[in-house]
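Read through the structures below before going on.
Next come two complexes built around chain A: one with chain B, the other with chain C.
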Partner chain A sequence: MRDHLRAASGQVIAIGVALLMGAIIILMVGESPLHVFMTLLRGAFGDQEKIAGTLLQTTPILICGVAACIGLRGGMFNVGIEGQLFLGGFAAAWVGFAMPLPAGIHTLAALALAVVAGAAWVAIPAYFRARYNTNEVVSTILSNYVAVLLTSYFTIFLFKRPGGWSETPPILATSYLPEIFTFSRLNWGLVIGLVLAVGAALVFRYTKWGYGVTMVGSAPKFAEYGGVNVKRQGFLVLLLSGAVGGLAGGVETLGVHHRFMEGFAPGFGFDGLIAALLANGSPVATIFTALFFGALRNGSLLLEVDTSASREIITVIQALIILSVSAQVLVRKRGDSQAGERRWKF
Partner chain B sequence: MEILDKLINVALIAATLRTTAPILLVALGGSFTTKAGIFNIGLEGQMLVGAFFAVLGSIWTGSALAGVACGVAAALVFALVFAVLVVSFKANEVVVGLALNILAGGMTISLMKAIFGTRGSIVGHGIVGLPKVQLPGARDLLGSWAPLISGFTPLVYAAFIAVPLLVVCYNRTRLGLYIRVVGEKPEAAEALGISITRVRYIASLLCGLLAGLAGAHLSLGYITMFTENMSSGRGFMAVAILIFSNGDPLKVLAGCLLFGFADAFSLRLQTFGYPSYLVLTVPYVVALIALFALSYRARPRIIAETLESMRKLLSVDKNTEAGGKNPQ
Partner chain C sequence: MSNTPGSPTLHSNAAMAVELTGITKRFGAFVANDGIDLAVRRGEIHAIIGENGAGKTTLMNILFGLLQPDEGSIRLNGEAIVIADPSVAIKAGLGMVHQHFKLVPSLSVADNVFLGMEIRRHGLIDHAAQIARTRDLSKRFGLQVDPTERVGLLSVGIEQRIEILKVLVRGARTIILDEPTAVLTPQESRELFQTLRSFVAEGMTVIFISHHLEEVMEVSDTVTVLRNGRKVATRPTAELSKDELVHMMVGREVSFDRRPRASLHGDVVLEVKDLWARDDRLLPALRDASFTVRSGEVVGIAGVAGNGQTELAEVLSGLRPASHGGAWLKGRNLTALSPAAIRQAGLAHVPGDRMVRGVDRNASIAANTLMGRQHRAPWSRAGMLNWNAINQNAETLIKSFDIRARGPGDAVKRLSGGNIQKVVLAREFTNGANFLLIDQPTRGVDIGAQEAIHDEIMRQRAAGRAILLISVQLDELAALADRILVMFNGRIMGEVAGDDADEERIGMMMAGVAAPEFAAETAS
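The block that comes next holds the complex of A and B.
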């Protein structure tokens, strides 16, 4: 417990340092840091609609964060969550508008196809990573670009809504993820995210399979001696991570947009990865970091209206946070790293 | 056949050389870090800030050269931050690289909004592009083939000249040898008294230099504008090339020509009315296929090369030892 507290306080210090550097950059773009931070806070938690909006933004970040956690635990950087999200989103939309099914079953079928799409999209990079040790970072990043362009192609050339503007026809009401409140689009996707995060944490903590994955990630040689099939495990970890990434897209389509459109969820995949990194690969901690980033994102909408600063300033702050966390983790563990061998410990 | 004639001609080859240049520059930069044993996924971000600040410098000073200098300086700052975190603090290079890429994307957009009050792109504002160098006598010598060697911007020439320079650097200079030793056998480097930290810093900064040039070529070369995320994955393609070429300059060149061709070819296909979204995926798909196809073969080769360089190093050791003992 004390270790956890110390780790958490380290992250908080790192966030403080990052906010300080962010303040300097905000000064550079000619705004008052205090005004910007207060606007962010007001935009994120100002009233109940704003809070619901923050939770709405948190949902995809949380699910993508869990996807990233699964990968990180198994020693895999799934940087392709963005692409899996787009394909999952499109797959869910397709089931939503093209396949009339009874309510409930329709939603489940759409989510199931989103999961399959996400897993299928990462399957090739995962296979080559497991079999031939092909760097998964590069292959998944490059596949993001293909996924985004491919879904745009599907949307605009194959399934465009007649008269619409780069979007598919709306999905049928039977496939909607139900909303929780009447005043916001906040939906049961958030609950799915929370259940996933807690479920993943339990699997890692209490199951043999979860233990094996953590071992493969932190000490592959040990895992191999212990009888874990490291290659197969690595493949499955990436596949599972991709499946959850696809689910994030499905939730976003069925819960928020009710259609697929070009560029429907920009950056959620990366935000999820950053949230998972900040949480040090712990799914439960990812709930909080995802909430933090969701608040930043929702606050940035007001930022764009109320100040001259661009909403991308929050991207800068996020990147600075990760940079200072990466430095600080290492200050703490400075001694035990050898030349030529560096790892982020999870 | 007629379509093929229209698709593949002198103009296409010249276009290939043009589109190859930025990816070649950034990949050659990455070659330094790859050889020094650093996995540098941050190339994309260095290139992006290079492109942005090159435009900024060009507007401020009214000179393309000063613009290039500004772009390079910005990329060097990013490279320095990367080196401080990865080399000195021993941070995870993937995490730092990705974070710097995200920082580059957010920072350029924020600054664009702050300085120009616009989103999306910077066009006009008196951006001075790089001049095109017409080689004297090229037209007499090659006739209609002249566009293959003449009429490029200086950075295109710089990119292709850099290839033999890097070959010489790695094989004939002390710095090149040190970089390779540090990358392949850090323990040996340590034993020989080479400062791993210093060599990796130098490699990172050289990388930033070339990535900055690559960025400047993007925004001041053939189109004089900056758009959001205009590096559009070229840095990542460069990393893919570096993985399967192991940073060898000649193999890097071959890989970059392949992507330059894919890039130029896809641009050309677009003009023939193929859906642009599918056509735009071509370079990325080519990169992925090459990565998958070649990664299987790369592993044994890297191991073999490390063994070979170890042998060389050991024989150097013996020679110096023998040299030291002889006088006794």
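The block that comes next holds the complex of A and C.
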């Protein structure tokens, strides 16, 4: 418990430092930091529609965050969630517009294909990791570019909707994820995200498989000694992480956009990874960090209306958070510098 | 045979390159160096030898300024000096080649050698001059490298040469090498020794850390033996025999009494036949081992560390492939099975590398006691863990093995070394296996806990388990083992009955003298 508190306080300090540095930058562009932060807060939580908007932004970050947590738990850095999200999003859209099915079943089928697409996409780096010990950080990052361009190709050359936009035909209403309120596009995707986060935590804590994976991530040689198949579990954990990444894309397509378009969900995969790192790889804590990033994204919409600061300031603050969190991780790892050095030796 | 330790010259002496006086270094309650005196003559190769954990590296880190001694003083070339950090040491003409190399893989050999002290011309790095100087030095001392090659493409042996070149370029006259041969092939080791001799020929001084007897005998002029943080002796190498050296290294500070026992020898549980295995460098490390272990029997494996014991343990537990031969546990060939399958076939394993293999330091005691048995009821049913049962069991184990902890939820990293070992023993001894593979059960464990661990091993023997006990401590083997096999250079040199464990005879075999030869010698 004391460890948890210490870790959590570290993250809070990291965010605090980032906000402080952000404030300095806001001062430098000639705005009042207080005004900007209050506007952000109002933009994120000002009324029920704003809150629903924040939750809508939170959803894909949360699901991607859970995907990252699954990888991290097994010692795997899946930096390819963005790509898995794009492929999952496209796969769901394809089922949505090309295969008429009864309502409900249609949604499930589309989500299922999104899951398969995400898993299949990460299977390539996962295989090379298990077979040849290829660093998964590099191969999953690179796979992002291919995924984004591949889905663009599908959209523009194979399934383009007639008209000017680079997007697929709209999906059939039978495949929609139902909305929760009438006043917002907030949909059941949020519930899926919450269930996934809690479910992942329970699986890690209460199943034999989760125990093995946790040990592979935390002490691989010990796991090997105890009879856990380290390579196989590493492969599976990446596959599962990719599957959840694909699901995030499916949820975004079926719940929000109702079609697949080029660049449809920029940066959610990376935001999810950061949310997971900020949460120390805990899926439940990721609910809160994802909410934080969702609020930043949604609050920034009001920023351009009400202040002279650009919404890009949000990107700057996020980058500062990444910096201070990674600095903190490095400080914490110093006692374990051998492991640290190896971890970052590509 | 004279037993008087060679007394070092304590008075200041300009013929001495290095003089350490009364060096003491404590880490918490652990005394790594206890009043060590060391005098190294200029122009000699001085070997420092001792088991793992004897304090060799600590002492050298103090000399190089990486650690500060709690007590004691240092003189270089007769002059007192305080070495506050490595830059002082380098300025004073010391150079150290560490066990782990610190090179930039993407840079060339010459760039690595001159990193941080580049030769400049008009403010730019003069690559040609750097390459020329590197080539020069490498020729002069027989350190064959191509200065233009990228370091990332080179083998470990060559990386070591680059580290030595780095030290030379920085003007070192006294060079410390920390276990330099650990990463080398025998051929590379021989080349290294040539280089060391060429240093001495030029009037430089070499301090050479090792736990390999033969290299020390081969290359050094003087040997200092450390054991448990203390100096045993400093002697000219020429006056020493291998078995004297073994004797000084292994020593006997704690003498365990031989445990009383009833003969229980039952059926053969483990049969090892013609077993060969390679080490991480792919060199043969285990050669043609054959032996059996019966139920109710403790078979000890003696030997200086690094003579194939680790590889033997790893092959038997499925963590390393065998290159030839086999090992049968109740009829099943272990060399064909995964670690999980070997556990299922009835292996319990107390690993020598306890912190890395034996536990997850970040996890709780309860989670650590689960490893290896998570597939079985009552610990799991239908894939779901039963934490009630796991915690209760951990609580029981904490009591019955006297583990000093607040409870099953305590993280293992909060425990002392001895208590961590008890967690490992508690887990492995209670998993119902017939064959116990126990590697260095009491390394780094205090004497009280050692006794308790020995009691437990004897209880396991009385319960009819077959036990293979690997230890570098002869006392431990003499106290516990029914039979002792002695390993040297990957081979089993011979067998001694535990009841008449003759330390001299074991020592000879540990030094590589085969049992029959020894018999012939005593007969004549």
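What we mean here is this: the second predicted complex is superposed on the first by the 327 of 346 C-alpha atoms of A that agree within 3 Å, B and C clash if a C-alpha of one lies under 4 Å from a C-alpha of the other, contacts with A are read in each partner's own complex, and residues count from 1 in each chain.
Definition applied: a residue touches a chain if its C-beta (ideal position, glycine included) is under 8 Å from a C-beta of that chain, and two chains touch if they have at least 3 such contacts.
Keep in mind that what you see is a predicted model, and the values were worked out from it rather than measured.
With the C-alpha superposition on chain A as described, chain C and chain B clash in the combined arrangement.
In the superposition on chain A, A:Leu19 makes contact with neither chain B nor chain C. Of the two partner chains placed around the shared chain by superposition, chain B is the only one that A:Leu150 touches, whereas chain C remains out of contact. Of the two partners chain B and chain C, more residues of chain A are touched by B.
Applying the stated contact rule after C-alpha superposition, one finds that A:Ala8 touches neither chain B nor chain C.
Of the two partner chains placed by the overlay, neither chain B nor chain C lies in contact with A:Ala109. In the superposed model, A:Ile124 lies in contact with chain B only, and not with chain C.
When the shared chain is aligned, chain B comes close enough to touch A:Ile141, but chain C does not.
In the superposition on chain A, A:Ile180 makes contact with neither chain B nor chain C. Only one of the stretches 153-161, 315-323, 351-359 or 459-467 belonging to chain C has C-alpha atoms clashing with chain B in the superposition, and it is 153-161. Annotation: chain A has no residue touching chain B in one complex and chain C in the other. Chain B makes touch with chain A in their complex at residues 37, 39, 41, 81, 85-86, 89-96, 98-100, 102-103, 105-107, 109-114, 117, 119, 186-187, 190, 196, 232-233, 236-237, 239-240, 243, 275, 277-278, 280-281, 284-285, 287-288, 291-292, 295-296, 299. By the touch criterion stated above, chain A contacts chain C in their complex at residues 3, 205-212, 214-215, 218-219, 221-229.
Per the touch definition, chain A reaches chain B in the complex via residues 25, 28-31, 77, 79, 124, 128, 132-135, 137-139, 141-143, 145-146, 149-150, 152-153, 156-157, 270, 273-274, 277, 308-310, 312-316, 318-320, 322-323, 326-327, 329-331, 334, 337, 339-340, 342-344.
Contacts from chain C toward chain A in the complex involve residues 317, 319, 338-344, 349, 351, 353, 356-363, 367, 370-372, 374-375, 380, 383-385, 387, 411.
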